[in-house]
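See structure below.
Going in written order, the chains are labelled A, B, C and D, and every chain counts its residues from 1.
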Amino acid sequence: MAFRGRETMDFRFTEEQEMTAGVVRDLLADLCQPADLRRLMESGDARDANRWEKISEMGLAGALVGEEIGGLGLRPVDFVLVAEACGYACLPEPLVENAGIALPLLASLTQTGTTRFVVERALAGEITVALGHSANPFIADADTAGALLIERDSALHLVSPGDVHLSLQPSIDPFRRLFTAEGGLSEATRVAGNDEAAAKLASALDRGALFTAAQLLGIAQRCVDLAVAYARERQQFGKPIGTYQAVKHQLATAQVKIEFARPVLYAAAATIDHADRYSRARISHAKLVASEAADVAARTAIQVHGAMGYSWEVDVHFFLKRAIALTNWWGGPAFHRGRIAERVLNGELGPEHTFTHAAADA
Amino acid sequence: MAFRGRETMDFRFTEEQEMTAGVVRDLLADLCQPADLRRLMESGDARDANRWEKISEMGLAGALVGEEIGGLGLRPVDFVLVAEACGYACLPEPLVENAGIALPLLASLTQTGTTRFVVERALAGEITVALGHSANPFIADADTAGALLIERDSALHLVSPGDVHLSLQPSIDPFRRLFTAEGGLSEATRVAGNDEAAAKLASALDRGALFTAAQLLGIAQRCVDLAVAYARERQQFGKPIGTYQAVKHQLATAQVKIEFARPVLYAAAATIDHADRYSRARISHAKLVASEAADVAARTAIQVHGAMGYSWEVDVHFFLKRAIALTNWWGGPAFHRGRIAERVLNGELGPEHTFTHAAADA
Amino acid sequence: MDLTYSPDQKRFRHEVRSWMEAHVPSLPLPSFDASREGFEAHREWERTLSQGRWGMVTWPETYGGRGLDLIQWLIFEEEYYRAGAPLRVNQNGIFLLGPTLMEYGTPEQKARFLTAMASGDEIWAQAWSEPQAGSDLAAVKSSAVRDGDDYVLKGHKIWSSRAVFADWAFGLFRTDPASQRHKGLSLVFFPLDAPGVRVQPIAQIDGETGFAEIFLEDVRVPAFNRLGGEGEGWTICMATAGFERGLMLRSPARFQVAARKLVDLYKAHEHEVEPSVREAVLRSWMDTEAYALSIYSTASRLAAGGHIGAEASTNKIFWSEMDIALHKAALSILGARAELLRSAPEAGDIGRWLDGYFFSLAGPIYAGSNEIQRNIIAERMLGLPRA
Amino acid sequence: MDLTYSPDQKRFRHEVRSWMEAHVPSLPLPSFDASREGFEAHREWERTLSQGRWGMVTWPETYGGRGLDLIQWLIFEEEYYRAGAPLRVNQNGIFLLGPTLMEYGTPEQKARFLTAMASGDEIWAQAWSEPQAGSDLAAVKSSAVRDGDDYVLKGHKIWSSRAVFADWAFGLFRTDPASQRHKGLSLVFFPLDAPGVRVQPIAQIDGETGFAEIFLEDVRVPAFNRLGGEGEGWTICMATAGFERGLMLRSPARFQVAARKLVDLYKAHEHEVEPSVREAVLRSWMDTEAYALSIYSTASRLAAGGHIGAEASTNKIFWSEMDIALHKAALSILGARAELLRSAPEAGDIGRWLDGYFFSLAGPIYAGSNEIQRNIIAERMLGLPRA
């Protein structure tokens, strides 16, 4: 039931796509405000049980899983706005990593009894699947996952978290639960050999980079929004600091970065399935510029907040930390610039090739 | 008679150094204003005869030539403010190239009848010497020179401009007269073999980079000064544009660049004679940051002048063009960054090594 | 969201491509700003375009257009720049004034002016700025005094692009002498050869002309030459500025071609330059792509009935800064040759990068300085308070 | 211009080096902002310094100093940072208040406060900001009402560094209740354990405290604690700000050590990172050197009787931006490990770069935001008109 486009060059999201994202946005606006983040942090819990239940009830776990095995059969372009909303909210729970990346990978493998069982439970929202992909040195949310899907020597293994040794690798972002895993993998845990795994791991990397870019863009916009709200209220020298050109121009500069990362992100989402040098470069482009937009926006927000930006008492720091973490998640700048170089130095260039892809007849 | 310092760590210029530069500054303020540049350009002449005569009368031609052969025996640090003043004025005539670089090179060679004759005439201000150094693809002011000192296969040759074939290579800077030279060199024209030439060519390159950096710094300050003068007068929306924070902050940013290029330049001038990796890196550092300061200042000045900056009618364009040309003269950014890398990756680092040099016992 | 051209769009692209291949002059035309000869060669090209009905493809057929949508316009532009076709000497007319005329003109005005514009018979200059009114356009002092069925124009315009050789100009004039700031202004057209008009070229940093000052002394034009109502000039002018900054004036294809040339230049000198230059080159490619995608996005939205808003300002900032960075990257590859004129024997493949760099420096200034654009973004898009 | 140390200066360097080698703790002390224990360990270090008469080498011997000049101070700082000696917990006292006391204090005040400051017996917090007075310091509302020989302090201070554990604080108070803006303010000292003082730590982005809010309710201090005349607080405070931004607070050696560590980090990972990282690393080295040279230049000028002017503002902008860039370069080398806490098993050689980065982000904000500094440069150094 993938949301279909309009069958001609059209850069707008469909109403269905907008609606799905709108529902997630509304839910997170209700349940994932900075006060909620603070509460979770103080509780020491990994997840906000109530919020995660509400998210699970939306049935998004199977968003990108094929309809033939119980998913919604959506495409990445149908999910990109959801990922952006997760970034905007600084969501602690692994909606993007689970539904956007790990689960569709697991579901895409040749199914066995074990994999089918795990996929079914995950689709039902009973468990999450955490992914150990070679693009990342750590596995996020491994401890709360019901199953770990781990790449080792280019093959894929499916194990229970209890069967491997997990070491917590604490992140500056209080909501990122990173682990390294040792042991527990064997011939018996292997669910895909090298031949099958290669293309599917590559595809997971593309989704990972794409949806991480989306989250970074959401973070960037949130930082600008927080700073704008503050600049309208905070008075210095007898007027709101938002009246000063220095503040205006810094925020305008950050917004320009966002405005020109956004269409790249959406184009990357719309063309990811081509899985060629053109689509990969677009994804990498999106990841790079979304990271940069988040960096500039977060630092600008800190600066606009003045001393306050340096404290726990304002909310910017949550977004600054997430931005730092995601910049290197699913490939850092060097990796993605390398993919762009490959496309620029070896691919077709020029205005007629904006939408070129390997299979295109244009 | 080199102007002596105060025999202890002291970053100030001596009174003699300030005075020499002051005289040059005053002369150029009188005779080398933009109106004078326009007049020279319209005349089509290579030099302003009156100005050049006044400059020659100051006796600066032999500034860096040893006293034993009739020069003033000054050190580069005594000349750096003069070079800065030449940049500030956008001086068309080759005071820096002749007195600062070419002539001291020629005078430093083992003297023969020919070289002595040329040096004497040059010291008397009758001719200039133009230098063809492998660091530059062109020879500046070759057509108006009385003699050409040309590096070829690591040896040095002295020839008359009439004995080689000169091809004009027109520059965007109307006052830069660049040439390539062909033919005319032979065993008979050689005035220094490879062994003698190597160190002296290296030393000329250091002086070239140093004094070019000085000119770039002068250019940068002039651009800021021109823009400030304009911003105080020009009205938009009912007040001088200099009252707007956007204009203020751009100019402040340019001035900060200048302020932190200046001490590097002066330190480079003071330590050039060490001729080691430390002094070379300092010179290269000065060249890089002076280029950047000139670039930022010139572009800021264009922006502050609004549409006017784009026209011949305001003066900024003279400085913009000179900055573009000098950025690559006596080594471009890649060359100089390479020398800095050599020092940073292989030399001593840390706060106790700010003034370290190979011969230091500190 | 569907980023695949429809079969019709593909057919259209091939149609444009074939026509361009058959008609684009094989040698570059001489500059339209440097000589009358170059200007007339470009006028000839406008006529050729017009004969193929390619003068302005989005205009209705009545005025010489094809009534195409913005996506087709983008495809047209891509093929136009891909073919290396000449710059549009009539861009002030077709991109700036044209859309405004279409919206605010009377049927008689449209018939009179649009057709001649599309055909290349009348080339237009803009006359926005005045010596004391640059980014602050509301400070114009030039006046248009009503006298029967005519206006009598008086004043001094500056930075008028194309005015040296063009046929007509449009500009703001104060029709109410007692008015202040943006009240009491009207948009009026005048022929550049009318009695009382004196055009004075302004020499530019790159040595070419292109811009001019216009001195108007009792220039008499019929009231028919006023676009929109008396005193409505400011509103109309703001709409025009929207078009200018927003979409039409800087089509992405132009920058994408520049980025392709930059990549070629980089490949030819890859081993002589610093590794960081590679990043600058990739950045320029990324930026031109982002700009193209952004314009496609806007075009899709406009096609569905949307309006262009503060994104006109984000576009202006983005392309002007991108254009400078792109040219700086090229100059850094050229190194010591960057300062040479193209006539230099050693110029080699220096191309027009230095000219382009000087031109790019004007980008953040004209069509509303980037300082003004940042104010607009902060106030209208982000909702920050006015000072 | 002579950039060679004199024999005396070299001897002095060796003297400092020997002493540091003998006294600097071999293990880093725990943070003075994170715990009372760390704070007291640093106080102990201040006492050790003081016993060696290294507490504040530029102060007169009467107050525990050595009466040395600024070049010697720079040499001392170089050796101090070279040795990896602890950060100065009393920097608010010795670098900010100390020089001001020296200039404006009565002999009795100097005797009372300077000696205890140099000895480490009294550690100082600053209390500049208030909730509604950040960069706009003249907006302070806290009051000091004269009552006989005392002042009674009331108000709310914020962003007071060291206030959590320190002994004393200094701040601006409105001594004339009818006054506006920077008139009617006085600089007053108060003990942080005085009745009516409540100190509330502010949690920072890096999880440490360090800053605090101070609530003052009818805190009674003798008039002796007022520095300078009543109502002269603003003038004196501006002088202090000059010292803070100008020279003392951020000695170049600190950044040069950071640059050296950055180069080491780069060398260890040279083959894993993008070529452009090399440029960022070289840039950081260049900037820290430029900063050091600039301070030497200023020190030479001051030694010859000059005064520090708007260059205090250029320094502030330069070091704060350099500090951010330096830490960003380090994070880019660390890549995916950059987000780890040092306690992570995989942390490896990540060091304190992330902490340092967060700290660097405060640089453009405190001690007068960089926006304010740019205004100062534009108006006082370049002579642009005030708005």
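By definition in this document, a residue touches a chain if its C-beta (ideal position, glycine included) is under 8 Å from a C-beta of that chain, and two chains touch if they have at least 3 such contacts.
Only a predicted model underlies this, so the values are computations on that prediction, with no experimental measurement involved.
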| message | Starting from the defined contact criterion, work out which chains touch subunit B and subunit D both, please. | response | A, C
| said: A-C versus A-D: which interface comes out with more C-beta contact pairs? | reply: A-C
| message | Roughly how far is subunit C from subunit D, centre to centre by C-alpha average, rounded to an integer in Å? | response | 53
| note | CA centroids of subunit A and subunit D: separation to the nearest Å works out as 40
| task | Name the residues of subunit B that each touch 2 or more other chains. | result | 244-247, 249, 337
| Where does subunit C touch two or more other chains at once, residue-wise? | 274, 278-279, 371, 374
| message | Taking the touch rule as given, give the residues of subunit C at its contact with subunit A in the complex, in rising order. | response | 1-6, 9-10, 13, 71, 77-79, 81-82, 252-253, 256-257, 259-260, 263, 267, 278-279, 281-282, 285-287, 289-294, 296-297, 299-301, 304, 311, 314, 317-318, 371, 373-375, 377-379, 381-387
| request: Enumerate the contact residues on subunit A facing subunit D in the complex. | output: 136-138, 167-173, 176, 178, 180, 235-237, 244, 246-247, 299, 302-303, 306-307, 309-313, 317, 320-321, 324-325, 328-329, 332-334, 337
| query | Within the complex, which stretch of subunit D touches subunit C? | reply | 274-276, 278-279
| Complex interface listing, subunit B residues touching subunit A | 244-246, 249
| query | For subunit A, which residues count as touching subunit C in their complex? | reply | 5-14, 17, 77, 224, 228, 231-232, 239-240, 242-245, 247-249, 251-253, 255-256, 259-264, 266-267, 269-271, 285, 288-289, 337, 340-341, 344-345, 349-352, 354-355, 361-362
